[in-house]
Amino acid sequence: MPIVRATRRVHFCSAHMLRRPEWSEEENRSVFGDCSNPNWHGHNYVLDITVEGPVDPETGFVMDLKKLKEAVTARVVADVDHRNLNVEVPWLTGVMPSTENFAVAIWDRLADALPDGVRLQRVFLRETPNNAVEYTGPSEAERR
Amino acid sequence: MPIVRATRRVHFCSAHMLRRPEWSEEENRSVFGDCSNPNWHGHNYVLDITVEGPVDPETGFVMDLKKLKEAVTARVVADVDHRNLNVEVPWLTGVMPSTENFAVAIWDRLADALPDGVRLQRVFLRETPNNAVEYTGPSEAERR
Amino acid sequence: MPIVRATRRVHFCSAHMLRRPEWSEEENRSVFGDCSNPNWHGHNYVLDITVEGPVDPETGFVMDLKKLKEAVTARVVADVDHRNLNVEVPWLTGVMPSTENFAVAIWDRLADALPDGVRLQRVFLRETPNNAVEYTGPSEAERR
Amino acid sequence: MPIVRATRRVHFCSAHMLRRPEWSEEENRSVFGDCSNPNWHGHNYVLDITVEGPVDPETGFVMDLKKLKEAVTARVVADVDHRNLNVEVPWLTGVMPSTENFAVAIWDRLADALPDGVRLQRVFLRETPNNAVEYTGPSEAERR
Amino acid sequence: MPIVRATRRVHFCSAHMLRRPEWSEEENRSVFGDCSNPNWHGHNYVLDITVEGPVDPETGFVMDLKKLKEAVTARVVADVDHRNLNVEVPWLTGVMPSTENFAVAIWDRLADALPDGVRLQRVFLRETPNNAVEYTGPSEAERR
Amino acid sequence: MPIVRATRRVHFCSAHMLRRPEWSEEENRSVFGDCSNPNWHGHNYVLDITVEGPVDPETGFVMDLKKLKEAVTARVVADVDHRNLNVEVPWLTGVMPSTENFAVAIWDRLADALPDGVRLQRVFLRETPNNAVEYTGPSEAERR
């Protein structure tokens, strides 16, 4: 069976700030710029979840993308859409909600939510029209 | 001289909530849904400002769109980008920051910022990939 | 109250053909080209529904766009998504499902589905990346 | 018959500069900025041509959009695609190739190229992701 | 010579259904959902074909993308555009026309259509704004 | 620390031609088509620069994307925006400005401009809506 990648896109809107409370205002401004505004800002995130696996000979699917959407909705979107990433998301507690950290956290939410034989291949997270991040999972060294 | 419309697009990111403090949680939920989350959410706004006027015979411009961009940046973007629309924007104080009200307020910020002979024709404000608002200014009755 | 336009976008996928059974194959080919293929083809339609009205002073809304989405889903998308426009849609029976006729039929489905004081302003229907149609309702003469 | 608007999009790539030879370098820089570079620059233009008319009861078309595309290709795209707007386009000779002037010139190329009963309603010309122009034809006063 | 990847995008529109005739209506609904509608539905497909190879020192090309477009048009688009994927495409006979199977079949149509020294690197096929598939060819094990 | 990729997008507009002066007009036409027009043409380029590295535990960043933008602006955009790629860009002198060669040259401009521990992973350059190129750097063999 050929190995194919399938991607499902979802959208959500969240507030966040990038700010270390133990740093001074100047340090925060210097490192995080406008993103450190203590009154929050927010984004329309675009999230592409890619899974990889053999094509099922009967369905022609790597997996049912509706099921993938349900998993992404239940494990990610329901927790972050119209939410504040710094204060409301249990699986982001203590995490600086940069796009990088957010993508890695989404990976960890989804990696074990897939059917047998299907693996999470990529989390692509667009924060703005000009900024995006992708994570393809831990390296072999990390996995050990 | 032909009358032409020219549009300049800008992007910005803001936090907001839609919530009336004098209403109960239930009323807020019922009317504003997830947008009433008291912990904020946010958006990547796309703003298209359209001006209309005769084409200058020497420059071929309705107006210099760089100047339009500077006006939009100074009067709108600088105040709202990476900001909280409910608490940080003087010209939105006391205004429910719905897309509709936001677009009207942007109109009022820009209508008198244009060169002689050029009129603001349209404010188009996209809040999400699926929701947008446009305002073309007060009616003649309102202007009186 | 300012009069503002608000737009909600929805997506759906349908099959159709453009073909007059009383015409010869040659006539159909000549007028409708590949769209006359009797084995069907299909599109990802993008539908923008624009409503117009005064902004409610309490909510800041022309109308709740979630309610608009519900109306569009119930009256249009539920009938046409993953459907065949020629044979399965009661309100398109006997209608050549061109983008033009489809947009007009969508207008007729929605014009009376809006709250008091809100009027349907525009149906914009994109059939392909390069082809789209817009309908803003019957003229005054037609309405009489 | 309902009156509907149909739009066909085309793409082309051109070089141009905005520069008045009788002006000094300083004046050109001041008015046209980087666009005055005497070594040229260029754009991927996106052109949306909108026509308006009654829907034909047999075809469901305002007009055959393939015919519209052929007219736009023959009268506009063939002359400007992979061309220099300042020096190679007969119908732009002596015209400052701003987006505004270009849109008006395109209107004049197409207004009389449509079938009976169909009128050119709008020329929308996007020069960059952030800048665009639209022209809806001469006013009644101009037409007299 | 550096090894570079070049991508050509094409668009086409097709009808299809996902349905196994030997299954009951309930099984088909359960696995394929609305896609199993026996009256067909369809999509605007976006197809990105990526080739990889050394850059020719004289032309600066991996290969002439116009030639790539001609190959994609002749071997893929001409067979599937405005066609029914289930019943009209010889190289899809007996294939469930899921996006996955479709992408693999497109790979097989193109892999041997490229000039010497250029290899097909990726077939990316978008079926809807939210669903897409990519195939990068058989693994080494499969190729043996 | 997880290894993540972050991408910053920039836009610029340039003129160029693809033409070998030592070739006849016929040869140039045959190989480069309309791109060989000696009067130039141009494009709105979209450039995605991807960097890869471990996520900083304090900032959550692979690197500050504003710093990446500054590097891309200083080393690439400032030299090519509103410029002629054939005659004005020192680091393209003697280079046929195909998208492939341009992407490789951009790689060479940026590969050593990144902070310690961050590597350039990909240069993606879109020349038109349908044509794009990506370069992921020299192979190990080339690097030796």
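A few comments on the model shown:
Letters A, B, C, D, E and F mark the chains as written, and numbering starts fresh at 1 in each.
In the analysis below, contacts are C-beta pairs under 8 Å (C-beta built on N, C-alpha and C of every residue); 3 or more make two chains touch, one makes a residue touch a chain.
Note that the structure is a prediction, hence the values are computed from the model and not measured.
In terms of residue-numbered contacts, E-F and A-E present the same interface, as over half of their contact pairs agree; the other options in A-B, C-E or A-E do not. For the pairs B-C and C-E, the count of C-beta pairs in contact is higher at C-E. Per-chain CA centroids place subunit D at a distance of 30 Å from subunit F. Note on chain placement: the centre of subunit D and the centre of subunit E lie 35 Å apart, centres being C-alpha means. As a whole-number value, the distance joining the C-alpha centres of subunit B and subunit E reads 42 Å. Residue positions of subunit C touching 2 or more other chains, listed in rising order: 33, 129.
Touching pairs of chains, sorted by label, consist of A-B, A-E, A-F, B-C, B-D, C-D, C-E, D-F, E-F. Listed in rising order, the residues of subunit F touching subunit A in the complex are 2-10, 50, 55, 58-62, 64-66. The touching residues of subunit E, when paired with subunit A in their complex, are 18, 20, 31-33, 95-101, 103-104, 129-135, 138-139, 142. Residues of subunit B touching subunit A in their complex: 11, 13-16, 33-35, 37, 39-44, 81-84, 87-88, 128-129.
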